[in-house]
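The same chain A turns up in both complexes below, where it pairs with chain B and then with chain C.
Now for the complex of A and B:
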């Protein structure tokens, strides 16, 4: 064997485990989902090929558009809020005079590592309309009690609050790393030029953080687009479908209605939406992101 | 020498294989006392059939989670021999031929066949699919009306004369809700079987006998939905379900509520007020649904496993065992001889609330629709129901028309 050939072979050998894992658990299922999406299948009887019928059905279904709308409301509610609050927290904890940084970082990071299903059960109780803590605290400020998870208008807000609570800590940690990566010299130069706090933030911190911001936004966008556990535990898509996000819509079709072909169609469409939105995000931010 | 060793091992392995008991896997969906009682029955069965049959009971999560696991096993293999499946979810398994119907076993078993007369006919009826018995009842129940006797007294109502009809209940509830701002006369739930019950009781229909045609757009349904919407609008009733609904029930601020007879033990233990119970009210028709789950054998199991599973089913359905199950859990005993046994009769005498479900079972109980696409139909009906009760300015007639159209589409698409 020639040397280059040998290196080639060894290279393949090294990537094989990772390649196989990706293949078996990511790409094959993806291909299979696309295959199933062209069939009618309840997982009990054999599959039947139906062509694009599932897609036609999906795009003409009011429930699908409704679930997309709910998902976007959820994404718009969680992503900007959690990114901005995460950044603010990170900046606060990055100040030299703040004490107990380790403690605060831990506290804010705990929700990230808490199992969502367990946390959702606790949140259920917090949002309980009659005896829940949330309504109690609101009442101290004279706010009338809300129905929260029982109220079609407030249920999604409750889910957004839980989503933000869950994601803030992650954003904070990434932003902290980003902040610490900005060389001090820029700030020193700005200070010598007489820049005050806000211009320093606006012209130095924000531009130099932009790769971090892009990363965090994309990650959170994808994560909140796929929100499922909190919905499944706290509202089951209700009341009156007001919190039926697309993943829950998919789950219901697959495992409650036994429409696996249709559910696969939803999964494929979800994949396409996320893929194209991420592409757009990359394109847009190319002009806005400054790499050092 | 070596050859003898190999031969010896082969003989040993063969002997073990032959002597090994037949393994029966049972998937079940309940926790707490229900799981405990079922496991006791399983243990007892295993002791009786030591060396022949071994039943292994596996908890597979809620009804929904069990469903998910069953479907995965359907495709990926590893189906259990027996599963406890909730009645409204079994349709597509039956229609797809995944469930072994029991007629063959019953026909070959004259002893058991003779005992069929001992089952409550309406329960047995609920196990028939296209005329064949395809499962046997395990945890079966009917909904009954629970009421707070303390609130009755405070509102000047006779705690020993609970309402019989929904119109009466409305009058009662009005008086109770007048007691205070946080007090409601009735709690309306969004549980599937109660939505069905309300429609039936107001003289309405849901779906045709063959499951092909939706009949939900009718005056009965409209009357029922209008009735409950009015109660909620006037704050005579509160619309709440799930954990929040349960918390409300325990709080003592709810005058009356309909729940499963299986909740009796739980409520008895957990409420701090005087708990009354009576027949579920009706309006035009005295009818209640049979809820809960049955045990089903999967067709994919081997012949000897299915035979063993059949033995286990028969064991669970024995009078003494169904009695044990009923006494421990509050679900119904499925056999009349168990119902007439001194133990259960004594219990009913001591606490008449236990007997209510049996009165309903004998005179009013009716099986729920079960056909393949019914879960999706049910979820559309439930959405309509929630719409009408969360926004009380919505016109129920419009919503019901919409439900009728959407559900008929679901049926047309399926068949």
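Now for the complex of A and C:
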């Protein structure tokens, strides 16, 4: 009995600092966000309780639905493209006779570790409409120059390109791990049966890779739903609100208009959306290696 | 197995090389632009080679904004956070992996649960909290809220659980306390995991943008990412200076990454988590 009491005490001693830190800096703010979302507050005058007014206002606001729409356009543009390209690169690197795998893997991975803010400054320059590199390269293929970040139709496309660029390497690494987890014997059996490259890919690789694909897709879905830095540095939600994603909408309301209550409401709604996505992700990652 | 025909091999290699070039083209262009005359930047077709061979763009960008200061600030903050996280995450991870105490599952779930709360959601209330604690516009605001991370705790706990218990039991019979076991047995055996955790943390805080943007207002205390993007928005068409500043922010990390990439990428595929 004495022994287990000592264990009990020791255990809490070890975990308390981390536990308290998470409580104070994650759960307390989360609870506080919910609290503030029921108030009107500009941080100068005292908080005023308004009930569900912020929520009603939010759901009837065109700006909110617009920002959700923009976010989903961004997500739908970024996720499938980066997943397919990541898979393609992983499959090429997984060919047994390819040399320089480590080198290529590193080259493809560099954007992942690069700071998005600095990269966004560089992409601003690449997308410059008159003398930028992107328009120059397009002109070599006979494509007329685009206004990119100055054009309400093309600005979101530019952000999607940057998002895909940033994410391919991560997807490739996860797919590589998934591909290496597929037992060789399956392919050998298929070879004996005379299966050629494409059927091997379609009937062995893709089905056995599906848990990895699902995992990568959800992870990237959540990550691109949270897009903020590229928007903040490259377009600031513009031109004409065409890139006003939900995080930027939140940021503007909080720190430009000082509508703390309203911004907290946006945060709570965002949390609910992402919470459900994360639950799906946890379910998926548990089943991730079912074939082994 | 037999290699495929040469044509196929060529196609694969060419695809890989083109992909590698395309993905790294922004960095190439950044460095080339940083070594150009201002007038050369606007020539069409663009010049694919540097036109000046000194560091004048770098010198000038260091003069117009305190980039050296940003770098120093970022290093101080990122190293402090990394060190503190190693301490607190290791303690918690060991407690959760090895000590059987009442409430262990609860604490574990509570810590892991924070992974479901993205920083965008707590941005506003955390700012209010930090303001109440009178920490706005200080390094404390950049360090104290991040002294522990769920990801770090999780990563280390998973690793500690793979260490055979027998090693520890032997030491306990000899009368070793928990702290000594942690320090003399667990930590030396966990160096790869600790390194991986430290690298993630350092990188995340070197690259951090949203929180310093909100919480730091004075230029002298700003971190590199926010510093250079503010600089870029103020000196909008000064591409040579912007690219010089970006080079300073990006290249050290890429060089550093080349040395540690194996550990890093393998850490990612093991944990399947990011940033």
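Here are a few things to note about the model shown:
Following the convention adopted for this analysis, the second predicted complex is superposed on the first by the 254 of 292 C-alpha atoms of A that agree within 3 Å, B and C clash if a C-alpha of one lies under 4 Å from a C-alpha of the other, contacts with A are read in each partner's own complex, and residues count from 1 in each chain.
What we mean here is this: a residue touches a chain if its C-beta (ideal position, glycine included) is under 8 Å from a C-beta of that chain, and two chains touch if they have at least 3 such contacts.
Worth saying up front: this structure is predicted, and the values here are computed from it rather than measured.
On the shared subunit chain A, the superposed partners chain B and chain C overlap sterically. Of the two partner chains, both chain B and chain C are touched by A:255.
After overlaying the two complexes on the shared chain, residue contacts for A:117 are found with chain C alone; chain B is out of touch. Looking at the superposed arrangement, the partner reaching more residues of chain A, out of chain B and chain C, is C. In the superposition on chain A, A:18 makes contact with chain C only, while chain B stays out of contact range. When the shared chain is aligned, chain B and chain C each come close enough to touch A:131. When the shared chain is aligned, chain C comes close enough to touch A:274, but chain B does not.
Contacts of A:263 after superposition: chain C is touched, whereas chain B is not reached.
Stretch 76-84 of chain B is the one among 40-48, 76-84, 148-156 or 256-264 that clashes with chain C after the shared chain A is superposed. Residue overlap on chain A between the chain B contacts of one complex and the chain C contacts of the other covers 43, 124, 128, 130-131, 254-255, 260. Those residues of chain C that touch chain A in the complex are listed here as 1, 3-4, 9, 12-13, 15-16, 19-20, 23-27, 29-30, 33, 41-46, 88-89, 91-92, 94-96, 99-104, 107, 110-111, 114-118, 120-129, 131, 144-148, 150, 153, 178, 203, 206-207, 209-210, 213-214, 224-226, 228-229, 232-233, 239, 242-243, 245-246, 249-250, 253-254, 257-258, 261-262, 264-265, 268-269, 272, 274.
Chain A meets chain B in the complex at residues 42-45, 57, 124, 128-131, 149-152, 238-241, 252, 254-260. Of all residues in chain A, those touching chain C in their complex are 4, 7-15, 17-19, 21-23, 25-30, 32-33, 36, 43, 89, 92-93, 95-98, 102, 104-111, 113-126, 128, 130-131, 133, 136, 165, 168-170, 173-174, 176-177, 215, 219, 222-223, 226, 228-229, 232-233, 247, 250-251, 254-255, 260, 263-264, 267-268, 270-271, 274-275, 278-279, 285, 288. Looking at the complex, you find that chain B touches chain A at residues 64, 67-68, 71, 74-75, 92-93, 96-98, 182, 190, 239-240, 243-244, 247-248, 251, 372-373, 375-376, 379, 383, 386-387, 390-391, 413.
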